[in-house]
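The structures considered in this document are given below.
In the two complexes below, chain A is the common chain; its partner is chain B in one and chain C in the other.
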Partner chain A sequence: MADKVLNVCLAGNPNCGKTTLFNSLTGSTAYVGNWPGVTVEKREGKYKSKEGLVVDVVDLPGIYSLSPYTPEEVVSRNFILEEHPDVVINVLDATNLERNLYMTTQILEMDVPVVIALNMMDAVENNGMSIDADAIANKLGVKVVKISALRNKGLDELMAVAAKVATTKREGKSFWDYGEYASKVDEAVAIYKKEEVSDPLFHAIKALEGDEIEAEKNKLAFEKVKELGVNIDEFEANSADKRYKYITSELAQYRTGAPVQESKKLSTSDKIDKVLTNKWAAIPILLVLLWIIFHITFASDLLYMHQWFGLELEDYPGFISFTLADGETYTPFAGLFYTGDGVNSIGEFFHCLAGDNETGILGLICLGIKQLLLMMGTPDAVIMVIYDGILNGVAAVVGFVPQILILFLFFSILEDSGYMARVAFVLDRIFRRFGVSGRAFLPMIMGLGCGVPAMVNTRTLNSDKERIKTIRVIPYFTCGAKADILAAVSASVALSFGWNADLFTMGMYVMGFVMAVVVVILMNKTTQREEVPPFIMELPAYHMPQPKAVAIHVWDKGKHFLKKAGTIILISTIVITMMENLTWDWRFIPAFEEATLEEIQALGYASYEAMEASSMLSSLGKVIMPLFTPIGFGTQLNSTGWIFGVATIQGIVAKENVTGTLTALAGIVGQNVEGLEDGDAVSQMFVATGITAGGIMGFTVFNLLTIPCFASVGTAKGELPTKKSYIGTILFWLLGAYVIASLFYLFTDAVVGNFGLVAGIIVPIVIVAAVVGSFFFAHLYDKKMRAKEALAA
Partner chain B sequence: MPILIAPINQELTVKRVSGNDKERKHLESLGIVPGRTITILKATNNGVIVLINDMRLAIDRNVAMSIVVAA
Partner chain C sequence: MEDSTVKIAEVVNVGDVVTLNTVLIGTSGTIVKVNGEGKIRRRLFDMGLTPGAEVFLRKKAPLGDPLEITLRGYELSLRKDEAQYVEIKVTDVPASSEGENK
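Take a look at the complex of A and B:
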């Protein structure tokens, strides 16, 4: 075996522990979760034993049978049949033997060498059961190895057996009684053998079942089998029935001890389900859970002790304070535990601990870099660009990472516990009315963390149209990076317009949900019309979240964010800062701050301010400004209003850039911003640019709903079924956000009185009429199409 | 009777599965095959949660209407 690397693949039912086994074998950290459909694409890794055995291991998405139901299941079937692995390791959840053996009877019909891995043997033994592996091996004619992927037991033996089996030949065999169909099966197999199709028995049976993929892949043989005149529906129902009969009568006897359904594990799950899927309590419980998670992660007034219970605190003073060579005094950890606003939540505490470029650990690092630059005698202008521009931008984003990780920690605990599958079921009925099944809830809720994995997860959805609808609204679920924008903007609107920051933030989250519903309904009635796919989903047993699995997930997320901060965000910030400080003739603007008027005029600029106004960024910003006029932050603003446009364009690259850009550029326009906190600088900028409440509304809504980032554009391209739907999605993200933002802009300014009395009444009426009208026309269109379809049928 | 209106917490036998091909095949691979035993754990306005082959399965109303069982 030394000269050839062995190829094995892991195949089995969803949630049977394939990915846990894969991680244990290869030392990978692939995400494991307690609901069916976590793994949606195949993964490869390498296993090396002490004896020098090297094996390429492929982890496949879980499938219940080799008749695929959703797109990710096709991947598994095609891999086993077409990539010809040396050995298929059929992983079975030993606590659930009967159901898991169903697919085994199908795999054994192929000619490939098979090893059965009885996983979760530790759980079986804990339940007081035992399984006679040798007896099963004898019956099925393949090796059976007992393992526990979680406890790392039996894995080396499994791989050694796989290596041995790989050199043998095996011929496909059925383990169920063909009954009256025996002769037809033989004839079908003969046809496939004549056509020289590999795995003839497997394909012949699939053809007799009228399998769709079979009809496409082996057209000739399939047509010939069709001529045998077997009723495919009857054959198929019969084969399913007989397979189960075989399992129950021949194999189930080898499991002894208490059957699982009487064990404590299951009844506990059922008891929990009584409450969590209760008719009345289910949705309130979900809302309260979500509220608790967001509160613990984002609140700066824990349990509303300040706002509701009148707890009065002075800002926590911090424990270090020092004055640097530039003459400024810094207290990096001030406000770490509590501030005048209240006690910090855990998330807010970690946010403060990490800090921005003047507070927390990041602040200390940034100040260290600043000191180093001062010691090296770097000119003040350069220090300003590096410290206030680049470090400021990157630190603002990185400081937010711990908070996002805490959010992910809570989500992955919920996922790992088995709760999410229940929520999907509970929401199914409501979602169905809008136009998607409850299954779509899982990718949507993932979208609150990050849209990229959320879009990949839509592979578990049933139809292409359902996937398109879901992928399009995933950005409407405010992701971690967008939460950052909300935090910055809400603090500033509180100062400039006196709005309640908490309500504004929550309102914007809800705005996203509501718009998602509106848009799904409209799509379902017009371009993406379909019967909502059925909801059939396994509810896994609840279990305590496994610290290892949760930790892997959170760590992966953190790595991803830090990588992003070190690459795209760093580069974007450098580019923006440089463009802000350079003129088109490559003059470094801050270097002329101390220059005399004559010196500046000699270069062709009227004044220093004129020079600032003709920086690369500012002149480009003015060119794109008219684009944003209809959504409230274009030409109607003062000369510096282009900042919003630039921040928005930056946000299309990565949403974290919006906060970074706004914060960095706020300094240019705000008068007397020195010594003010970030929030103050941004709100001062609001005043300087003359943006209205409606303009802020338009800006926020557009940024929340438009193209989330380049990463998600790339993901959408890979996940959407056709080029047309991909282009449609990009246009939808741009135009949909544009229209909705424009409505919010006009409506807000009309209501707060910026448009005067007459327009203040007319505009809202027109907007409401337009919204109702679009629903009405979508409904008419739907009705017309239905009538047409009924006629055609 | 359709499983949606069948009595809960009682062993039932699957009699027939209707509905389209793809859906029926999926249900079959999950063990919902004529002749098999099935128990309804919970019936809600969303559909039913059933126990089949030691596995809890959530099924929406429409699908639940297509599974016919008998006591």
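Take a look at the complex of A and C:
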């Protein structure tokens, strides 16, 4: 074998099993990135055989053709033409030869050694069919290897063949009848040869098709080809037509046995489809499925056994309890299976099992480290940095992972089974009205669980603009962490303002949905204008999800999350924790629940409040307090305004922080409110700070709509196509939330008098106002753009 | 382009040449011509909607659009807006032409 490391790439249609093949070949060596400049996934890995053969493998994106229209197509084409891989392995779904071979006829026009991998041969044989690979190989003049990527069959043979072929040279060849264009094609090829362009046949044919990239890259030759006077449209139609004709007349015969699918007979897949895309049942089934997924992943009251059926439980006691050297006692696994709120769902169980820096497995580790530090007599300040800062940050990220992976798991199963494509099919009609395709539904709805996987999922969308629009509104779908804020705030407003807590919560969810629709429409008319992208999409046959394929999916996405989000949330958590616990002269502030009044007075603070207010974070909070005035919780709250501001800033790091901060600070501020002895601490604080109903509204709305967390900021950075769109998105999240929150603040307070009705009535009014306003704005803008276009024309 | 402005053919007989967006569920035909331009036309070609290919209108989405067709042994979804570019010569019509033609 050659000394130099071989370089092969995998090319093929979507759903042909390329990714499974890639993962089987490369195993743990694979890594995923993006192609420079575009968000097209780039996978690279190494294959090593027992015989010592080492091959670099690149997995090109799944595409149907090498035309110049989608970023995936362009990337694949440029990779083969410019990176000169030693071999192109063209992966075909053997159960659907006809369409898969279409791109083969394009690849074969390039001057590159090609090996055809007939994948899914096991499925073909199970269907009682067979394919004469040798005959196809003879016809096309390249090696054909039968494989099953899923069952690891034929892979070593494939790579051995590829290694052998790599040392040969191949000249591009067409496998279709040029017909009347034969002389023109020859002339065009001659032109490209004269210009010394490599892969002349491929380029010549693309030029005759009037290909846009060709026009830019090889200007001179393209212009000369243009002079041949071939009608581009007719040639393009002819080439596609003749390629398919060649496949049906010359190659399809080598597949024998029953055809893949009798077009009119009902297969199992069709029967399933009859139900799942049924005119009446399709949407209800979808909603029920989604509810089940979210319930299993996030519910802490499984089947509502507590809330609806009155199941009363004490918190699960946990099986380990110990006291650290500082006298604190911990039971890391308390509430693992159930709590007073109900039985944990699977997702919640794993969430508790992973835990944070004082619960679960992570808690065991973190507390162990703390104990070690204590025993070594480490100063409190250092322990605080390590335990409350770094370990807290790490645990917050890692503890979050199980639920995200479970959510990924469910969605990967839906995707792999072929259901996702049907969801897009069913919903396209509705979503097109708003300016996105039916495919945008999934990432948006995933946002109700967690925005991070949702943003990763936008990869299935068609255009960059569609991705930008979708990513920007994902935070408007109230995620699990924000649901926590709503729960805390709604309980408190029920006590302090007498609002209906359920109505308030539901109203806020609906507010998010409506805002998402309004904003998408608005973007569609302004900065993200585009024609509705076409919806010409394959609906793959339903099949049982393959555990291996699903595992690969989950791992790919999970890895992405850990990499992109792990670093940024970790650093920011550490910084914020430090700022929270340090004064400007770098003295540490003890956690107030752990220090008595005498202790803090000994440190020189008059009260808890003074102590808390002396941290870097609170003093910064005070500086920027005026910023929050227009949304209802700034300077108008006098000395206590910083509480909400600080909670909001911490919420930008992670929304889980908001309730944590509110509850913690409520313990100080809400202490001495009369007449509310037993009410919950947060509602007491609302009264103590004198925040108005509008202020609460502004606070809630801003927190729901603004930057969701640093994890999603990191994810958005990885997923958005350009730096400009990334910065735009961050600004949009901040300013959009600010404007809407101030609307809510002003409207709510303007109608003060009957707080009970506010949540129910004002919310819709503001929404309608926003909708009308945005349409008006959009209309104006549209008019302006049209006038501009007319002028230009 | 507004959606589905092309009127639904009242009676489609075997042998008629009509656009794909106008036929009833259960209709089969052979593609005669693909109109349109640029990106959409190219995409239609790439997916195998070329003259001579046999298509079968399998179903419509619950809200009447997009369509699902069978061709070349696989299922393809496309909107009526895109289907209007595809002219077919009808080879088979559904036994019962009543019902879901909206």
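A few remarks follow.
Just so we're on the same page, the second predicted complex is superposed on the first by the 427 of 793 C-alpha atoms of A that agree within 3 Å, B and C clash if a C-alpha of one lies under 4 Å from a C-alpha of the other, contacts with A are read in each partner's own complex, and residues count from 1 in each chain.
By definition in this document, a residue touches a chain if its C-beta (ideal position, glycine included) is under 8 Å from a C-beta of that chain, and two chains touch if they have at least 3 such contacts.
Nothing here was measured: the structure is a model prediction, and the numbers come from that model.
In the superposition on chain A, A:Tyr64 makes contact with both chain B and chain C.
Contacts of A:Glu83 after superposition on the shared chain: neither chain B nor chain C is touched.
Within the superposed three-chain model, A:Glu789 lies out of touch with both chain B and chain C [touch as defined at top]. Legend: residue contacts after superposition of the two complexes on their common chain; A:Lys279 is shown touching both chain B and chain C. Touched by chain B in one complex and by chain C in the other are residues 64-65, 67, 69, 96, 98-99, 102, 233, 236-237, 240-241, 244-245, 259-261, 277-279, 421, 425-426, 428-429, 432, 534-539, 541 of chain A. The part of chain B that touches chain A in the complex is made up of residues 17, 19, 21-23, 25-31, 33-36, 41-42, 44-47, 49, 51-63. In the complex of the two chains, the chain A residues touching chain B come out as 64-65, 67, 69, 95-96, 98-99, 102-103, 209-210, 212, 233, 236-237, 240-241, 244-245, 259-261, 266, 269-270, 273-274, 277-279, 421-422, 424-426, 428-429, 432, 437-438, 534-539, 541. Considering their complex, residues 64-65, 67, 69, 96, 98-99, 102, 233, 236-237, 240-241, 244-245, 259-261, 263-264, 277-280, 282-283, 421, 425-426, 428-430, 432, 534-541 of chain A touch chain C. Within the complex, the chain C residues that touch chain A are 3, 28, 34, 37, 39-48, 50-54, 56, 59, 61-66, 68, 70, 72-79, 82, 100.
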